[in-house]
Structure formats: C-alpha cells, structure tokens
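So that you can tell them apart, the chains are marked A, B, C and D in the order they are listed, and the count of residues begins at 1 in each.
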Amino acid sequence: MSAPPPVPPADAPRPSSAPRPGVAPHLRVAMSSKRMTWLAAASLVPALGLGVALYGVPALMVTGASLLCALAAELATTLPWRRFTLADGSAALTGLIIGLVLPAGAPLYVPAAASAFGILVIKQSFGGLGRNWMNPAMGGVVFATLSWPGAASWSIAPLGWPAGAALTPLQALRAALSMPGSHQATPLAVLEKAGYSFSGLDSGVVGWINTHLLSPAGLALRQGTLDVFIGHVPGAIGASAPLLALGAAYLLHRRVIRWQLPVIYLGSFVVLSLVFGGLASGQGWSAGGPGFHLLSGNLVLAAFYAAPDPVTSPLTGTGKWILGVVLGALTFLLRYFGSLGDGAAAAIVLGNCLTPLLDLWTFRRPEAASRGAA
Amino acid sequence: MSWEATLLTFALIDNVILSRLLGVDPYGMPGSLRSAAAAGGLFTILMAASAVAGSVLETQVLAPFGLEALRTPAFVLLVAAFAAALHGLAARRAPAMLEEAGVSLGRTATSTAVLGVVLIASRGGLDAGRALLAGLGAGAGFFLVTSMMTAIRLRLEVEPVPRALRGFPLQLVTAALMAYAFLAFDRGFLARFLGR
Amino acid sequence: MMYPTKLLKGGIDPPSVTTVPPGSAIVNAALPSRALIPLLQHAGAPARCLVKPGDLVREGMIIGRAEGLRSAHVHASIPGVVREVRPFTLPTGESCEAVTIELGGSFETSGKPTVRRAWDGLHRADLLQKIRAAGVVGLGGESLPTHLKLAADAGRAVSLLAANGLDCEPSLSVDAALLRQKPAEIVEGLRICQSLLSPRRTVLALGDHSEELVGEFERLIDRCGMTAEVLVLPARYPQGHEQLVASAISGTPPGADPTVTVLNVATLLAVFDAVVLERPLIERVMTVTGSTLSRPQNLKVRLGARVGDLLEECGGQPATQKVVMGGPMRGVSVQSLDLPVTKGTLGILALGASEARAPAELPCIRCGACIEACPWGLAPTRLFKLVRIGKATAAFREGLSRCTECGCCSYVCPSRIPLSSILGQGKLRHSREATR
Amino acid sequence: MSTGLLLLSLCPAIAMTDTVIHSLWMSAGVILVSLLSTIARDVLDRSSASTATSPKGAVRLLRALLISSVLTAAFEAGLLAVSPTASASMGIYSPLIAVNVLVIADRQPAARSLARSASGALGRGLAVSASLLVVAIFREALGAGTITLFPAGAFRGTIIVGPLVDQPVRALGLAGGALLCLGYLAGALQAIATRRASAASEGEKPR
C-alpha cells in the first residue's frame, strides 16, 4: 500500500510529561470520508424501508444477497493481505445501492453476481477504494443486466396488487410503443390500459385535488399520478423518488454530496425530454412527459447516489458541469431509444469512461507548471 | 444502410477496439493524450483510404474475376502500401505529428485494426462512399476509445494498483469494462434512434 | 464592504481554537528569571556569539553579531549574568549556539521615560543602519532581516509598499491587537519605510475584523501628511500571505511583481522602536491561546522566555496534550516546554486530547476538496500521489514549486491525508535531486 | 516466450474464443502460418545473406507480408474445404492471422539455425493455442454453459455444463468477456513472471 504519513504513531514511547508531536496543520475538518460513506448508506434506509413494505420478503432477500455478496467479496480481496476495509463503508454502500436498483422479483444470483462483479472486477482489481474509475454499483448492475436481461428486470406486483409478475411503467410504455397505433397515448393512459390497479389512496388524493383545486381551472390529474410519484408501481426496490430525494436532501445539507452534478444531470434530462421526448413516443415536438420518466425507474437514485460518487466523478467544477449535461443527454437517449434496463445505470458507466478525460481537459495548471505528464 | 447508420455502426456499435477486439496491443499504448490524438488521426486517414480502396478492389477486381481466394494477400498488401504512402507523406508534411504519434511503419502496415476495417467493409459489400464513411467512423471510434483508455491509464499510473495487474492486464480489464458500457448502444438503439 | 477584485481563490475558514477576545489589551508577560537566547532567530546564518559564561550583560546589549548577508544581530533581552553558552537545536530542526542569561543587575531602558528621536533629517544609510543595529527581522513568520527588504536597490523603483495588518494564521490576533493599541507608532513606522523606499503606492491592508479602525488610520495618515491608502481584505486564511496581500492590492497574479514590498505591522512597530526609540528588538507580542488555557491572551514577551512559563501565565492546565509554536495551520508541535520563544514565534497553542489525536489516514477518494482549497491553483491530490511514488520531478512539472505548505489541503481532506507535509517532503527531495 | 509477446499475439486471436472449437481452428491457423512463414523467411534470409544484397527495411517487410498472407490465404482455402461452417464463423479473423504472426515474428531475435527458428515458431504457436484454449473453455462454459468440440460418433459435439446452460453469464460470452478473461490471464502470467524474476534475484540481493 502507500507509504505511511510522516507522523510518529500515537503510541510511540515518549515521556509522559512531554506534549505529543504531530505535523501541521493541527486542525482538521470534522467530516471524514468514512463518515460520508456511512451517512450516504444511512440516508438510503427510508427508500429501502418502503421497498420492503411494498414487496415484502423478496425485497429483503434481494437486498440482503447483494449486501452480503459485496461484503464477502471485499473481505476475500483484502483479508489475505492482512487488511480490513469493511469499516470504510464503501462495500456496504455499493451492495445497498445494487439491491435498491434491482427489482424484487430478480432471482438471487442476479444481485449476487452484480455485487461480486462490482467489487472484485471494477473496484478491487484497480486497488480498492479510490482507485476504481467506474462506479462499482452501476457497473455491477450493467454486467448483471447484460448477462440476464430478463431475470434482472423481473418486477413483481407491489402491495395491494394481485400477486404475480408485473410490467414496470417503462416496460409497459415500451410494449405499448412497440405496437402500432397506440402512439398518441400519454404514459399514464398506457399504464391504465396495461391494467395497472391504482391504490385507493391514489384515487382519493387525485380525486380530491381534481375536484377542489384543478376543476375550476378546467384541468385534471390522471389516475395513478400519486402512485407513480411515490413509487407504488412495479419496479426497482428503491424507486420511491420522494424518499430518495429526502435522503439526498440530507446529504446535500451535510455537504456529503454537492448539488452541481445531480441538479445539472436531472435538469438537462428534463429539458431534453420536454423538447424531444414527444418525438420518441410519436407525439411530435415538446409533447413529452418528463415527470413520468423522472419519477419512474432509477434515474433519481442514479443522479443522487451514483453520479456524484467522488471517486468516479470529475475533480473540477467545469468537469462536473460538462459531465452533468452529458449524463442527462445519455440517460435521455438510452431511456427513450435504448434497450439496456432503464438507461440510468448505463448512462452512469458511460459517463465514468469520460471522466478521466474531463479531468485532464478541465484542470488548468498554474502558470509556473509547463506542459507536464498528461 | 443509411449513411448515418453506417457511421454510427462503425464508430459506436461495432467499435474496432471494444466490439471487434482489434487494436489493443501491449506495445501500442499512447503515452499521452496528444500522442493518442496524433495516432488516432493517422489511423483514421489510413482506415478511410484503405477501406475505400478495398471496396473498389473487391467490387471491380476480385469479385468479377473470381479471385476471392487472393483477397487476403491483396488486402494485406493494399494496407501496407497505403501505410507506407501515408508515412512518407506525413514524414514530409507533418513530421511533428508522426513523431507525436510514435507509431512505426511496421506497426501501421501490420495493424490488425486497419486490415479488420477493410475486411469488414468489403465483406459487408459496402460501396466506395459507404466504405469511406465506414473508415471514418471506425477511425473516430478508435480515436475516442484510445483517448479514453489513455486518460484512464494516466490516472492509474500514480495509483498503487495490485502489482500483478499493473500495466497491460489492467489496460485489458479497463477495455472490458468500457466494452460493457458501450453495449448500451446496440442495434436496437440504432434502429429506434434513426427509425423514426 | 467593497473588497479589491483579486482576492485569493480557495482558502479556508477554520474554526479558531478558543481565541483571545478581540479588543482585549496586550499584557506584559512577567520578566523571565532566566532567558535562553538562540543565536539563530532569522533567515540566514547563525549570529556569532560575543559573550562567554560569567560575562555581565546589559538589557539590549548585543550578544550575537550578524554573520553574512541574511543574518541579523541578537541582543540580550534581560540584564544579568551569562550562565552558559551551549549548542542548541531549534524546534524547526536547525541548530546553533544559545546563550543563557540569568536575571540580575538593573534596567537601563525598561520603565524609564522614553526619548523620541527625530529621524526626518537622517540619511537613508543611517536609517538602515539603525534598523540593522536593532536586529529587526520580519515578525510575520519569515524572519528575513528587515533592512534587506528596505534597502531598495537603485534603478528599480518599488511599485508598492504594503503594510500587512492581516494575521497570517487563524486564531492568532497579534496584528489585530497591535493595530488597536499602537496605531500612531505603526503609521510612523510605515512613514519611515516609505521614506526609505519611496514607492509609487503605499497601502495599509487591514483584516475585516479590524474594519472599524479604517477611519482612525486615515486620520493619522492625513495628520502626518503622508500619502497612503487604507484597504480592508477578508481575513480568510491564507489571505494574510505576503504574496496574496500584494496581489489582492495590485491586482497582479501572486508573485508576478518582484518590486512589491510587504511588511507586517508588528515589523513596522519594530522599525519604529529601532529608529525613533533606538530600542533593539528584545521583545515581541504573541498570541498564547488554546482550548486548554483558562486565560488566553496576547502577551508582550521578552525573547528567550520559557514556553512553559508563558502557558502557566495564561492559565495552562494539565489537560494540555499538544503544544504548538506558531499557528494552527503551519506551527511546529514541540516536545518540550523548556524551549524559548524567538523573534519568529507568532504564538503558542495549547491543544487538548481531541485536537492532539493524529487522525488515521484513509484512501484518497478524489473528492477534489483540496483542489478547491488550494490558493495557488494546484491539484494536491495528484501531486501527493506523484511524490509518494517518487516522481517529485514530475510533480514539479505540475506546479509543486508553487506550494507554500499553507496546509489548506490537509485541513479540508476528508481522508485525513497529510497532503501539505507530503508536498513539503517532495519539495525537499526535488531540491536535493537538483543539487545532486 | 516472453509474456508481452504472448499477449501481443493473443490480442487479435482472442475474438475467436467464444467457443472452444473456434479457438481450436484459430490455433491451428496460427501454428501453421507462423511455422511455415518463419521457415520460409529464414530460408530466404540465409540464401540472400550469402549474396551481398541482403534486403532490408520496407522491402523486407513487404516480402514478409507477402509470404504470411499467401500462407494465410492457403489456410483459409483449406479451412473452407474442410469445414465451411468453421470458415464462415471465423469471419474476418482468419485473414488477420497474416499480420498477426508477422508482428510476433518481427519481435523475435534471429535464431542461429533453421531448426532453432522453426522450433521457436512452433513453441510460440503452441503457447498461443494453449492460452486461447484456456480462455475459450472458461468463456464458453460460463458464458454459454456449453463446451463445443467435434461431433465424433455417438458424441454430438457439445458438452452441457450443468445448470449454467439455463442461465449462462452471457456477459462473458460478449466481446467484453474476451477482454476480461485475457486481462486476468495476462495478470496471472505477469505474476508468475515477476515471481520467477524475484526468485532469480533472491541470490544476489536478499530482500
């Protein structure tokens, strides 16, 4: 590993009266990278809770499998070298994110393989935390999706639905778009046609809003708006946008993550969907429904928990801005035209490929430095 | 195939390095972004030129006279000839670029990437125009991927990576991960993207 | 408040360890019963010792003569008898001779009515000679003999003379206190320097915590009929760095203009003492603070006083785990309380267990915080990796030479990597390679 | 044969490791062409070396290209005759053998005798095929759940690898899988090489 810092270890023998040594500076910020990681993991718990509430035991099984497999893989690649790195929390966070990104119906070898690949190949092969250039969670998910396209997207019916397999909103939409004639339908209409059974809560709230707030204006929300919003539809375990946003808000408040990357990412995605989204569903210009695509699927989780991953995101502010736009564009393309999952994970790993280039391009060396290694 | 389809296919979907597995070699890693760019330019020109010549050769000579058996020697010599010509030209016109690229005539003349593109184009029965696009697309894809891999390598150079994997092995693992990432752009994507 | 445009990029606002209440008076420390005076208290070579054990020395008598260009005289800070002259190692690692004086005899200057001498008529050379004789060095930390800075070589005109009123580290308040209590003397000192350098522009820069003093200083400057501006800069670390102050005032990039002279206000006061009172530099003001002190304060201390005594004077407690000479960002942590304070001692910090713990290092997560914090626009995260794999030269090509080891990167690093000290080692290694 | 050289020769061939049978055909091609071309070049060198005008530089390269490409073409024709399906599946990769073996040969020091250089070429070919076989077995077994060989008598030509055939790790069968396997193979070779080197240097400087 790396050379030790020039600080004599705290337990070095020294006269009890004499003060302790230590290199300057003698003050440090409170927030450590270890605490950052664990805070990020903790902030995902609400989303996980809702997932378990909606899908029950299968959700627990999937998340547990990914989590355990990630930890095991980390141990297997560190213990033989007499190192213990589980404490830094990165393996746990990776496992947790993988579990939340996958649907509850996935057979257990999917989360297991995703975690194993993410930790063993993507992270540890390059020397562990901080040396990997690709996000282990998203890379692992992409690997699993490529290996078992069907199994990795088997979503099951959430609480209050007739039990059994069920299409995610995006799958339903793609199915509808693939068959001719149904092009004019808006996403929620498609869902209704696909036989979604929306909750009573949804109908109640939407009904109330329509009668009391919107009807005077001659507007009306569709059935299912609320369900899609809170994530009470078949899909990934951790797909509840509001809860994820809640956790992310906490992280932003504690400055564990910075706002630039997620906000630009989501912003550019929304703009692109507004302008071109309609074309994809054959509704012409500026007729897309960014809300639907924003809320259903893993976009929010990717934007707040994968994109700003410090290890795999650009070092410089300029780089963050550029990557944000690129990620938004990629997600838009892959979600509307692609076939690999819902595009968020794939967009992130593609962005990771670009990040080292951005670092080289956007970091301006001080005048004193001549054209150096890069 | 429409022209944009050809371009995108050869640049992204059937990327020379990531999907055709041509052009990753332990000695041919550019040392800096500049040299990656120079080599990329060189290879792009070479690919485009020999792809066009290849398709012409295929459609005008080999196919009509039933000389398919001689395809391999013909194409190999063709690529070598173009490589030699290009080196001569570059040495006179842009010696700095050639220097920066740091590729010997031996390497360009025997480059599997270039020969591969020529073969794909001719077997795909592309006409001269499409072949040109194919060559340009392949070159662009080659350029993009080598730049990314170089940037990643420069980043890994200062990191304490596992000793067994240092250098070329990690280069390959990196290429593998990039290959998986680029699979997001598949034929289905192309069809839907250009379809409507 | 309108700031000049070219402020430092990056920098940090650390929570200062319990600092001296602003506006509290500078306290005279008790006279030390014995003073241990190292003969290396300046940039250049150690001064040559002029006394031997048993000699009687008067207060302010010269006991070490400057050796070489960048060296400065050293004077007896207390009257008494020379007990011993022995080799001594400073906390910074350099070694020199040190004179131990035991208090005794009578005081000529202290407590006596002070005579102010007019200096307007004096020739440049005489002024410089007075300053040199008093052993005045930069009191902002860099300890370069001041007469060198003031001896502007003919031909190249000095573009800017700046009085630096910003304390060079967080939780030190020496300069702020002096600005409050000795404004007239500081302005007089500035006038002396101005007459020596005749710069195109003269500026007094205050930290924004002494903003309310602007009016008073402008009045004083008008009264003595000199032309100088008073400016306020944010007291964000390391804005107080000489080059950054200069660039903030002149708008040129840091270190670009070599004809700038920056003097810290404590130094100006020393110049005033040397020229107007003809008193050598035998005492200085320093901030003695820290979480384990019950009475942190700014002390005026005789050079050679014992660190331990000063801590006790400020209510030091056994809870003290770590003692730092200097500021929290760049200070040197010392192993012994018997060390003496010198001309370069900006302050003394007494830190408790929580601050003394050396945090465990974690892998770099490339968060880029160090890049944001670096006032010199470097990428410490890359430089420290280059240094650790032994590529100090490559690190230099990427700008390591600009690093001043201000400590901002180490402070913000969430992985607790001692970046600035690693970069420091890199600079050392490179210079060694260069010489070899 | 040095690790770097082995890897270099593997790179273009690695594409044909999606099934074991493909890797075998590829190996056959590499062995044949490299052996024969080496012999041919060697013979020509020796004959021309006697006369004062020994070709060099571009000419030499051209000649080598000519030899290896003609040999490759011959191999392709043979393959087409033996098994059309195989030659079809080899696609663009069989012609690449021509430049591939050349790249290897160019980095070899000139051997003293014809026998030496021939045996060297054979050795290189065998090393390459062994590595190809390892990668191919690994990839096909995990990536497709099968191991494809020749149909022989009762044996239908494919071994089914347990449950994997139902849910194979498809990603390993894709192009990325080839790069991945080659990467770790290279790592293993490098580790062995470094261990050997350190073991050798153990004598002079204890560490």
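Assume a residue touches a chain if its C-beta (ideal position, glycine included) is under 8 Å from a C-beta of that chain, and two chains touch if they have at least 3 such contacts.
Please read these numbers as outputs of a predicted model, since none were measured by experiment.
Colleague: Which neighbours does subunit A have in common with subunit C?
Modeller: Output, common partners of subunit A and subunit C: B.
Colleague: Going by the average position of its CA atoms, which chain sits the greatest distance from subunit D?
Modeller: The most remote chain is C.
Colleague: For the pairs A-D and B-D, output the one whose chains share more C-beta pairs in contact.
Modeller: Answer by contact count: B-D.
Colleague: Please work out the Cα centroid separation of subunit C and subunit D, and write it as a whole number of Å.
Modeller: The separation of the two C-alpha centroids amounts to 69 Å.
Colleague: Report the inter-centroid distance (CA atoms only) between subunit A and subunit D in whole Å.
Modeller: 42
Colleague: Measure off the straight-line distance from the CA centroid of subunit B to the CA centroid of subunit D, and report it in whole Å.
Modeller: Roughly 21 Å, centre to centre.
Colleague: Between subunit B and subunit C, what is the separation of their C-alpha centroids in Å?
Modeller: Centre separation, subunit B to subunit C: 61 Å.
Colleague: In subunit A, what residues contact two or more other chains?
Modeller: 2, 121, 130-131, 143, 146, 373, in rising order.
Colleague: Could you check subunit C for residues that touch two or more other chains and list them?
Modeller: None at all.
Colleague: Can you list the subunit B residues in contact with two or more other chains?
Modeller: As it turns out, subunit B has residues touching two or more other chains at 159-160, 162, 165, 170, 173, 177, 180, 183.
Colleague: What's the complete list of touching chain pairs for this entry?
Modeller: Chain-chain contacts present: A-B, A-C, A-D, B-C, B-D.
Colleague: Considering only the defined contacts, which subunit B positions touch subunit A in the complex?
Modeller: The touching residues are 32-33, 147-148, 151-152, 154-157, 159-162, 165, 170, 173-174, 177-178, 180-186, 188-189, 192-193, 196.
Colleague: Can you list the subunit A residues touching subunit D in their complex?
Modeller: Result: residues 107, 109, 113, 121, 143, 146-149, 151 of subunit A touch subunit D.
Colleague: Okay, in this complex, where on subunit B does subunit D touch?
Modeller: 18-22, 24-27, 69-73, 75-77, 80, 84, 105-107, 109-112, 115-116, 119-120, 123, 162-173, 175-177, 179-180, 183
Colleague: Quick check on the complex: what are the subunit D residues that touch subunit A?
Modeller: Residue list for subunit D touching subunit A: 167-172, 174, 180.
Colleague: Okay, in this complex, where on subunit C does subunit A touch?
Modeller: The touching residues are 14-15, 17, 253, 320-324, 326, 328-337, 349, 351, 355-359, 361-368, 371, 376-379, 381, 388, 394, 397-399, 401-402, 405, 407, 410-418, 420-422, 425.
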